[in-house]
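Got some structures for you, see below.
Two complexes come next, and they have one chain in common, chain A, joined by chain B in the first and chain C in the second.
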Partner chain A sequence: MSTIITHEHAHHFYDNEQQASSAKLGMWLFLVTEVLLFSGLFVAYTVVKSLHPEMWRVASSQLDWVMGSVNTLVLITSSWTVALAVRAAQTNEKGEKNSQIVGLLAFTILCAFGFLIVKYFEYSHKIHDGLLWGKSYFNHPEAIEHLKEGIKQTFSMDVTALSSPEFLAGLKAHTAAGTHDGQHLIHHYASTVTYADTLMTVEQGHLFFGVYFLLTGLHGIHVVIGMSVLAWVLVLAQKGRFYKDYYTPVELGGLYWHLVDLIWIYLFPLLYLV
Partner chain B sequence: MSQHDTHHDDHGGHHVTPLWLYHLIFGGLLCLTVITVWIAQFDFGPANTVIAMFVATIKASLVALFFMHLLHDERLNALTFGFGLLFVCLFFLFPLVDIGTRTYIDPIKDNASILKQEKIVKAQEVHAKKHKKALGNLSNLYNRSFMNVAEDEAEAKPVPAATTEPVEGDSTAK
Partner chain C sequence: MSSNTQANPEYQLGEKESTNYINASKGLMSWLFTIDHKRIGLMYLFTIMGTFALGGFLALAVRLELFTPGQTIMGPDAYNRVFTLHGLVMVFLFIIPGIPAALGNFVMPLMLGAKDVAFPKLNLASFHIYVIGTVMALYTTLDGGVDTGWTFYTPYSSTIDSQVVMMTMSAFVLGFSSIFTGLNFVVTIHKMRAPGMTWDRLPLFVWALYATAIIQVMATPVLGITLLLLAMERVMGIGIFDPALGGDPVLFQHFFWFYSHPAVYIMILPGMGVMSELITTFSRKRIFGYRAIALSSIAIAVISFLVWGHHMFVSGQSAYAGMVFSFLTFLVAIPSGIKIINWSTTLYKGAISLDAPMVWALSFLILFTIGGLTGIFLGALGTDIHLHDTYFVVAHFHYVMMGGTAMAFFGGMHYWWPKMFGKMYNEFAARLAAWTVFVGFNVTFFPQFIMGSRGMPRRYYDYLPESGYQIFHQISTVGSWILLLGMLIMAVNLFSSLKNGKEASSNPWEARSLEWLTQSPPIEHNFHEIPTVVEGPYEFPIATATATPQGAESSDP
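Now for the complex of A and B:
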């Protein structure tokens, strides 16, 4: 364990250092493409939220903020440990810190596992409640019930009126009128504003869960990839491959893991705390 | 490596962040997480999202500057990432301009709140009264060209667009 395998830089680099800094620049370019990939979904989030702010509030109240908070703490801790692993590799002179690198990486991977387990419980709860995307949402009547309950809690509104014949007649007229003569429609429904708003909220709930599953799903895939990369780095670290002059894989794997953390830092308040 | 700071040891010119700084940043991130969860319990309206994003940006900056070493790394890495963020801002800008201005064109496109729509329609009515004649002519033209053409043709009666009284309620811009 306490020995190292020295690294020979590739022939087209002057030395290890130049090779490392080139690799790191490449990694940062890749991270930029990752950020842009996620930003598409963040833009979708912004657009749908600003079109249906009431619905967004009600639907996001269906998420469990405790689970979200636990996952935030888990990811921040793992980000810290992976940063310490990089530091251990940076200061590894003759292999005396090999086991420290391995231990820190193992703990980071364990955190990633914990994150996925919490995510599993969250997803299975949402699937059970029918809080899903698109058509799946409408195929689960219990989802509508959950949203009604959410409206009740968020806006302290009585939603029993939702099942009244008056409301259903209004809904039919609303649909039949279309959106062509908007002014007429608005005057007609001025007295039933809460009904119309409630109707929209329940109808559009699937939009929130669509964005929720896409964002957390894409992030979850990144967690799995990050775990695999760190596991590979761990195996190399066990062989004593990383020391003060060569630790590029630890550093780049760490950068990837920090990005996963960065994305979650924004995802957590946006989805769980709005 | 362009880094030749005073706190350098002989580790090949790489900046090694002291351990206490890592622990401090970790503690800071934990505190900020608690703060953001705590603040979310109060209802400040739209300000909630702004506060949450502000705290998240502080957290993200701590991670990027210290854990990801952007602060002491080669400037080119920070520049690369900065340019990426610039393009993210551009990406956000155009959709936001779009959805932010839709209601001026057509209040019906705004699903946000019926009450809000009513306000906009009332504002448009006031506006329309000021420019009644022009809008009346416009709506006549609009009706003629899209709706009443078949009727007009059947009746074969010329409609003097300029003299027709504007119809109340038609003034809403479509």
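Now for the complex of A and C:
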């Protein structure tokens, strides 16, 4: 190589600028893959919701929108502080201390912790009530009771009398056998189709919670990854690495954190408010 | 390396140095943890040869079993596992990484005039992840394997008792390898081009890799989440794909093909890129319609995302959706046709030499055309109902995947072999292998079109003696032996060339892209100086003048 190596860039780049812009493009592409990863779950959300709209309405009313709102605020705040950290790095002179960056990143990571703590309380509440996915849902009789209560509130209908476990079991056996009796049974016990629908609603509530746990679980994993990335950037900042000509890690970490935030901005209304 | 140039002012281009990327450092660790794209490319190449051999022997076993009705060499359960594994190995371990990760890794940075890919460590990580995924798949196989077919359709895959979770996780891991390679390539092509290497001077192989990489980045995450959902379906009983729990099994098919249809273009596009290189070099003629070929790769990449529903014409999706998907499927024929016609026009009045890589390229041209045209039968709603899930489909995608991609892979391997190892193989044996494979391929797969159109279903273990299918199965099985023979000739020839081959010059084919500028095998950092590119890659000089690469290394840019 003819160029004298005084810059920090790796051997296969011409200069810092080429390296920084490559890293940034790489990060954006990575974010595209992340969005597409979640897009699969969003499609699953849409399909299941359109298959069982009434169930969705009842089941989603079981989520605590206050906790969701708090978490949304926490994440938006953290996105703001991480943006400030990038700005601080961009304005730092060479040789200057990175203390402002360190402080802002530490606050961001603190917010992420706060988010996870709220999530922990939400999860443990759902687990306690048996509002879970698939098999686990059916193992919790309380879960069915909760949804019945939800139906009562959402549709102003009382379903306690006719949705006894024996009735549900009978209905399931008949519909599974595919006989006309199954349809008969529904009409015999329920005067309207809506009523039968509400019974189905109780049965299929697990689908909503399956999607809920998948989406928030995958998002939660991303929060943890984001925290680790930011913690690593924080360690570098503590060593005073960043100044106005070199701040790629701060910027990339920030980009990733914004994505984690952005996904939550979609999850919150879709799960808690719709 | 610059010190070398300065210490020796008489240094001239083309003079061979004793150190190259192969002998620059020694020991197993210097290979396993290298970040040199050329070494990573070679490690991919040898791993992929191994997986191809494995997939090939599984295919031979399938063909042998079908030689006679009833049990020939294995029972139905074993048969289901063997054909599933054949599909999984060939798709995920051979074709998808084949050309981009092995040949592309080696050649693409050289073609750009770059010293390496943009993210060399990520490149190494891709390889390690690929190996982990491969080991997981092989472990699953030894642990009982899966019999779902490579498509993992639910609810069968979510309910039967086999190693589906482990196998899907293996494909999930392999997906990450594919995503990282694609991401690396996109950034490399955007940011690492040498001075003067404008987009319209890029070799068409690079254009094809670019289109491929975009699909890898945009489609593979969806496969990831699909396989994750399938695993969750089995582990947690989520029920999204299970009708008994209120889910929808066709949703799985939508998810699966949203990845897997673009994935067939991940498989074929790099092959098309290799074709463009081979056809021009061995016709010694400027490629016809450079821009049309380059942009048709991008067009294929875009359309590939819109046609997945043509796998589900008989799965119960809406008839209107079927019509739309059928129409969009026909659109793919346009860019594919553009390529075929441009290659043919390039051959026209070219100075064609039938060197071994060119024989592979011409095989591709013929076989891919047959594969592509039979795809139109399957894309049409009416004929698909008759042909769906028959051997016609099997023959169609083997003509495209093996007749197309694999032929291009072997052609490219023969083309760049002298560059990779600095050795020439025996030309006669190489041509013999290529022709043998061409014959064997047609004997194997052409009868499958006929028996498929007569109704032989794919994936079946057995057929009735009086059904009339036996003769086609037997011709096909004999063809698979001819294929094996051709492959063995190729393998022996290539490997013996490493020992006994003649020394290769830096540009044995008189090609024009930049990988032929550096010596064979290349030095560790590819070029002494970053080359400056002065013209396009296919401007061949007239008559007998020697063709030289499209740019030159300048000592002081």
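Here, the second predicted complex is superposed on the first by the 236 of 274 C-alpha atoms of A that agree within 3 Å, B and C clash if a C-alpha of one lies under 4 Å from a C-alpha of the other, contacts with A are read in each partner's own complex, and residues count from 1 in each chain.
The rule we apply is simple: a contact is a pair of C-beta atoms (placed from the backbone, for glycine too) under 8 Å apart; a residue touches a chain by one contact, two chains touch by 3 or more.
Here the structure is a predicted model, which means the values were calculated and not measured.
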Chain C versus chain B on the shared chain A, clash or fit after superposition: fit
Which superposed partner A:47 touches (first chain B, second chain C, both, neither): both
First, second, both or neither for A:214, with chain B first and chain C second: second
First (chain B), second (chain C), both or neither touched by A:134: second
Which of chain B and chain C A:37 touches, first, second, both or neither: second
Touching partner for A:25 - first (chain B), second (chain C), both, neither: both
Which of chain B and chain C A:70 touches, first, second, both or neither: neither
Partner chain in contact with A:229 - chain B first, chain C second, else both or neither: neither
Angle at chain A between chain B and chain C, C-alpha centres, nearest 10 degrees: 70
Partner contacting more residues of chain A (chain B vs chain C): B
First (chain B), second (chain C), both or neither touched by A:118: neither
Nearest Cα pair across chain B and chain C, whole Å: 6
Overlap of the chain B and chain C footprints on chain A, listed as residue numbers: 21, 25, 29, 32, 36, 39-40, 43, 47, 51-52, 200, 204
For the chain B and chain A complex, residues of the former touching the latter: 1, 11-14, 16-17, 19, 22-23, 25-26, 29-30, 33, 36-37, 40, 48-49, 52-53, 55-56, 59-60, 63-64, 66-68, 73-74, 76-77, 80-81, 83-85, 87-88, 91-92, 95-96, 99-100, 106-108, 110-115, 117-118, 121, 169, 172
Interfacial residue positions of chain A with respect to chain B in the complex: 16-17, 21, 24-25, 28-29, 31-32, 35-36, 39-40, 42-43, 46-47, 50-54, 65, 69, 72-73, 76-77, 79-80, 82-84, 87, 90-91, 179, 182-187, 189-190, 193, 196-197, 200, 204, 244-245, 254-255, 258, 261-262, 265-266, 268-270, 273-274
Residues of chain A touching chain C in the complex: 1-2, 10-12, 14, 18, 21-22, 25-26, 29-30, 32-34, 36-41, 43-44, 47-48, 51-52, 55, 133-136, 176, 200, 203-204, 206-207, 210-211, 214
Touch list for chain C against partner chain A, complex: 1-2, 5, 114-120, 122, 179, 183-184, 186-187, 190-192, 217-222, 224-226, 229, 232, 236-240, 244-248, 251, 254-255, 525, 529-530, 555-556
